[in-house]
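I've put the structures underneath this note.
The same subunit A turns up in both complexes below, where it pairs with subunit B and then with subunit C.
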Partner chain A sequence: MAKIIIDSQEIECRDGVTALQAAIEAGWDVPHYCYHPGLSVVASCRLCLMEMKMPHPQTKEMGWAPKLLPSCQTPAREGMEIRFNTEKVKKNQENCMEFFLLNHPLDCPVCDQAGECHLQDYSYKFGKAESRMVDQKLKNPKKDIGPRTLLYSDRCVMCTRCVRFTQEVSGTHELSIVNRGSRVEIDVFPGLPLDNPLQGNVVDICPVGCLLDKDFLFQRRVWELKRGESVCPGCARGCSISIDHVDEKVYRLKPRFNPKVNDWWMCDEGRFGYEYIHDKKRISSPLVRRGLEQTTPNWEDVPAVLRYRFEQFVKAQGGAKVVAVLSPFMANEEAWLLAKFIRDVAPEASLAIGPVPYEGDDQIFPAKASGDGIKFTILKEKAPNRKGIESLLESLGGSTLTCEQFVEKAGAGEFMAAWVVGGYPKPWVDKDTAKLAGKFDLLVAQDIFENEFTTKADIVLPACAWAEREGSFTNADGLSQPFHWAIVPPDGARRDGQYLFEIAGETGLFSAARVREMMAASVPNLSQVYESQRKPAHAH
Partner chain B sequence: MAAFEPVLLRNRGVEGSTTLKVYESRGGYQAVRKALKQTPDEIVAEVKKANLRGRGGAGFPAGVKWGFLPKDRKKTLLCVNGDESEPPTFCNRVLMEHDPHQLIEGTIIAAYAVQAQTVYIYLRGEFHEQFHIVQKAVDQAYAAGYLGKKIFGSDFSIEMYLHRGAGAYVCGEETGLIESLEGKRGWPRIKPPFPAIEGAFRLPTVVNNVETLSCVPHIIERGADWFTGIGPAHSAGPKLFCISGPVKRPGCYEGAMDITVRELIEREDMGGGMIDGKHVKAVFPGGCSMGILSADELDMKLDFDDPRNFGLLGLGTAAAVVIPHDMDMRVVLRNMARFYGTESCGQCTQCREGTAWMHKIATRIAADAGRPEDLDVLLETARNMGMMPGLSICGLPDGATFPIETTVKKFRSELEEYILAQPKGRAEYLLRVLN
Partner chain C sequence: MSWKAIDRNQPVIEKDAAPVLSEAVREKIRSFFPRYETKRAVLLPALHIVQNTLGYISWQAMAEIAEILEIHPADVMNTTSFYTHFWTHPKGEKVVTVCRSISCEAMGGAKMLDTIKKELGIDEHGTTKDGRYSLVTEECLAGCDHAPCLLINEKMHKCVKAEDIPTLLADVDNNKLSMPRSDLFDPPSEKQAASATMQDSVVGTTSDVSEMREAE
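Our next item is the complex of A and B:
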């Protein structure tokens, strides 16, 4: 901890940070565009300039330096004295804002960024009300730079964050700077569009409306969106994300700062992997089959029906023939509740983990980086909670099976009653697994989409997408992170946690935190979760 | 006044002056032989004692610059700044065209002094002919064993490369030059670290101007005392002056830094006075970036310190361009603004937007659509862009604002007359048409 003085106030800052970062973390609102804590410093926007006390070159006496210095570039040193509240600093901020807006089209009414635009915020807070420029504005072109991204270079403030991102984080170097002076533009090379698995981040780090996401373009005004804090279920890495939604519809996913996992970034696969939530083909109500007869039970009756059916089965054929397949898409709390129910009705029942989807290889960014040079990783394991389920099975003990063992034993007819949980966004039942569906006397299928299991199941329960659920995922590094529901499930469906809570014999409303308390005795390692805080406050 | 005996230009006009043979026959490559018998520190001390101030524009003492290098460095680079792109300046060009071996000799001595075994000569892209001349001279020096391994039989080895820029004003700034040399976009770097600590390819780097290095052999050969004996104490040594515009003898001349602008224009062995009975209205005495002088300020001394007394940025490149009495100052203003508007690199906000805005205003004034308040806007924009001390990464905006500010301040009445003489309502009409 170094002590520095900002505007005559002494504050403590973390070691190794810049003066700008120290000021922001201590609560100062210092305008900045080019500075981003995850990227190198270029000090080119000149908005964060400050006054600093320095020794006089001849007399060595400490005094305010006549030159304004960039706070983003100056390291915070013990005893250093800086100030932002002077006329000179404020005048520079005001002038910079005037310069930024000289050629800006001021098309906020049709701009997606409006509402979360730092050009708007800073103009309001630090800028002038009027521009003195009467001449024609320079109009740089709007460009389609990739399959998912547009670049409106007339709105650009040349912070070059996006260029540095492609150089330093994704390591793909698609973006570059062309031309000179005020005609300077960000551009891609001919025939080489911005198309890398992390490209969506350039839209996030763009402080203005220059880089736009085609997926979100003209969909909603950002001030209408509500923000839910969640964890990405796309792979086993568990990046912290926020779900921007309104009217029970998800509009976009954005990364949330998490120093333990994803820093400021997320991949496109996670970012755009939410469309299945709003798929019309989702199962949205429970179903009970008796022979050819199908009924939709009331949710209130479901726990009793299930308990009765399982108890009858155990009485007739014995508890050892019961198995529950826990999907790696389930939250720890849901999996625990289901396991509790199964072991309740049949203490000798087996618990198995469902199939874990893998795609390709782990991808690291920048490619070929190692050690601290790795800025981002996308894992090949495309399920959020394998580690959590495995850990749960290990803690609960008894008869536990891997996926392969389950397929083998079920194929041999060792199990006659099964509860199979899916919840995969993509079809997951392969040929071998599909053959199992007809082998059970009692089959409960809990899934999002129709498949071989749900069509043959005696009881079908609708599963919810992660954006509608609550719980915690344990990522590949063993870190358990909580996620919260953002939207409500489709009409007729209920949150998995809620009905599993009731099926497990509890009453009242399901809350993940409450279940974690209940889990503490049997599964202590999953009952503690890490939630990334927005502290220390970081630059935008 | 005693005629100045040329030092840097002594080989100009001699037949075959670019060849090694002629250069050696006139006493060339003796200084480097002498230098290699001394220790590097002795040479640095000698150059420091001579107070050789950088000829590139800023006037920073070369010896002091060399002293900034870290003591425990393993590898050092020397870059020769031949990106001479200040508008009316052509002294480096003359030196390279007529006496490339003098530059090579000075470079070898400087490289030995800072123990740099790799030297890059960075030439601006437009120097086609000069590139071939210097390349030929370098080849001759290699053939003679003056460059390469164990030069002149000593233990010191040196490799020299020529690098041609792509034609950007900002690459004359030392860190812009270094970026360009590395093959990147010529955007000046943030300092610290300064090039002496971490420059090209992350190695300690010294960047010196062509003319500065051309002075070095003479300092070594004749001693620091001889050098400081030329001109005033704070601006010692011979200096090249360029003069262009409607004078009788436009060109590059050498002299001590004790002459005035008037002498540069009038002296028979220099400018030779104005042509066709024109008289001086204004002069940019040190390259455009330094600012303008009005006709009654011609007694300004062309040394490193006096220009400050006249509201100028400094001596700059000591390249004067004379503006005759019949020139419209609005055109001068527009011309200056256009240059910086197109040459700003686009990195820092103030410079990127400010230069372009000033160009727009100046263009409009020149097109008879000026408004009286435009002059104030110009002055304020210039100040907002940062003038000594600057607000940007490099010094380009300082250089961009001084000519505009001094022109508007010193010729305000003339510009206002033009604006008031515009037909009534024309400015508003043209504004509508232009927009």
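Our next item is the complex of A and C:
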């Protein structure tokens, strides 16, 4: 911890950070465009200039240096004294803002970034009300630079964050700077569009509305969006994300800073993998089948119906013939509640983990990087909570099965009652598993889409997408992270956590934190969760 | 049509086009590799070689340079577009570069430029139909004491008068025009004048690329 003085206030900062980062972390809103903590420093926007005390070259006496210095490029050192609250610094910020706005179009009313635009914020906070520009504005063209991204170069402030991102993080080099001076633009080589698995991040790090996401283009004004804090279920890495939603519809996912997992980034697969939430084909109400008769029970009756059916079964055929298949898409809390219910009605019941989907290979960025050079990883394991379910099964003990063991034993007819949880965004029942669906006397299927199990089940329970649920996922490194619901489930459905809570014999409202407290005795390693600190709004 | 976006997904290079860089050019580029730590560092020499051979650097040439240097074509485009020296489209045999800075402007640069435009029948950044001349303007050619001046290829012509232009352009060897100092410039001292038999020898040579080369 180094002590530095900013605007005559002494603050403590982390070691090895720049003066700008130290100031931002200590609460100073220092304007900056080109500086991003995840990228190299270029000091080109000149907005973050500060005054610093330096020894006089001859007399060695400490005094304010006559020139302004870029705070993003100056390391914070013990005893350093800097200031941002002087006329000189403010004048520089004003003048820089005037330059940034020289050719900037006044199209905020139709710009997607408006509301979260740092050009807007900074002109309001640090800029001038009027421009002295009398000449015609230079108008750079709008460009379609990739399958998911547009580049409106007339709005660009040439911070080059996006270019550095493709060079340093994704390592794909698609973006480059063309021309120079006032004609400078960001561009791709024609025919080699911006198309890599991390490209969505360039839209996030663009401080203005130059890089635009085609998926979100003209969908919503950002100030209408509500932000839910969540964890990406796309792969076993568990990136921290925020779910931007309004009117119970998810509009976009954005990464949240999490130094332990994803830093500032997320992949496109996770970013655009939310569409299944709004699929019309989702199961949205519980269903009970008695022979050919189908009824939709009231949610209030569901716990009693399930308990009665399972108790009757155990009485008739014994508890060892009962199995619960816990999906790697379930939260730890939900899985624990279901396990609690099953072991309640049949202490000798088996618990199994559902199939874990794998796709291709792990992808690292930049490709060929190793050690600390790796900036981002996409795992081939496409389920968020295999580790959590496995560790839950281990802690609970008793008869626990891997997915293969379950398929084998169920195929041999060892189980006659099963509770099978799905919740996978993609079809997950393969040919071998599908054969099992008809083998049970009592089958409860909890799933998000129709499949072989839900069509043959005696009782169908709708599963919710992760954006509608609450709980925690344990990622591939064993880190448990909480996620919170952002939107409500579709009409007729209830949150998995809520009905499992009631089925497990509890009353009242489900709260993941409360369940974690209840879990502490039996599953101590899953009861602790890690949540990354929120970044202040002025850090971007 | 202000909302129309340029489509950058469409390739500009034909898929099965024959390579534009000959094996000799490629070998010349590769011969620079031992001089630098990385292959990327050979980018500028490579661009010079390609421009000297082909006259300009086409999209396909950029992609081929990128392939030789093992970098992304966008990085080659980046550097090529930064320097106005590099042409991304065909240029004439002779490139006439006219200074448009303040000294030349004061000494009749605009008239000189207009005469050239009229003579060649092209505008700035244009190339004549027969492909013999291209006309560009530059900010300053660093020959203010010989204003107005212009470059034809790499040869500097100083104190150019509008009436000299036809001779200058027609001159195949590009070396016929004498280069007197501007009248406004302080005359050489008597001692210098005595030692100099020809007026040319007192003319500074600092801004003339070809003369600098000869000195080497």
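Just so we're on the same page, the second predicted complex is superposed on the first by the 536 of 540 C-alpha atoms of A that agree within 3 Å, B and C clash if a C-alpha of one lies under 4 Å from a C-alpha of the other, contacts with A are read in each partner's own complex, and residues count from 1 in each chain.
The criterion applied here is as follows: contacts are C-beta pairs under 8 Å (C-beta built on N, C-alpha and C of every residue); 3 or more make two chains touch, one makes a residue touch a chain.
Computed from a prediction, not measured in an experiment: that's the story for all the values here.
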- Since both structures carry subunit A, what do subunit B and subunit C do when superposed there: clash or fit? clash
- Query: Can A:Phe189 be said to touch subunit B (first), subunit C (second), both, or neither?
  - Reply: second
- First (subunit B), second (subunit C), both or neither touched by A:Met158: first
- Query: So, A:Pro347: does it touch subunit B (first), subunit C (second), both, or neither?
  - Reply: neither
- Item | Partner chain in contact with A:Arg180 - subunit B first, subunit C second, else both or neither | both
- Query: Which chain makes contact with more of the residues of subunit A, subunit B or else subunit C?
  - Reply: B
- In the combined picture, which part of subunit B sits where subunit C already is, 115-123, 223-231 or 241-249? 241-249
- Query: Following superposition on chain A, which residues of subunit A contact subunit B and also contact subunit C?
  - Reply: 176-177, 179-180
- Can you list the subunit A residues touching subunit B in their complex? 41-47, 49, 66-68, 70, 73, 91-92, 95-96, 98-100, 102-103, 132-136, 138, 157-158, 176-177, 179-184
- Sites on subunit A touched by subunit C in the complex: 141-147, 150, 172-180, 187-193
- Can you list the subunit C residues touching subunit A in their complex? 2-13, 59, 62-63, 71-75, 77-78, 81-82
- Give every residue of subunit B touching subunit A within the complex, in rising order. 168, 185, 190, 341-350, 352-357, 360-361, 364, 371, 377, 384, 389-393, 431, 434-435
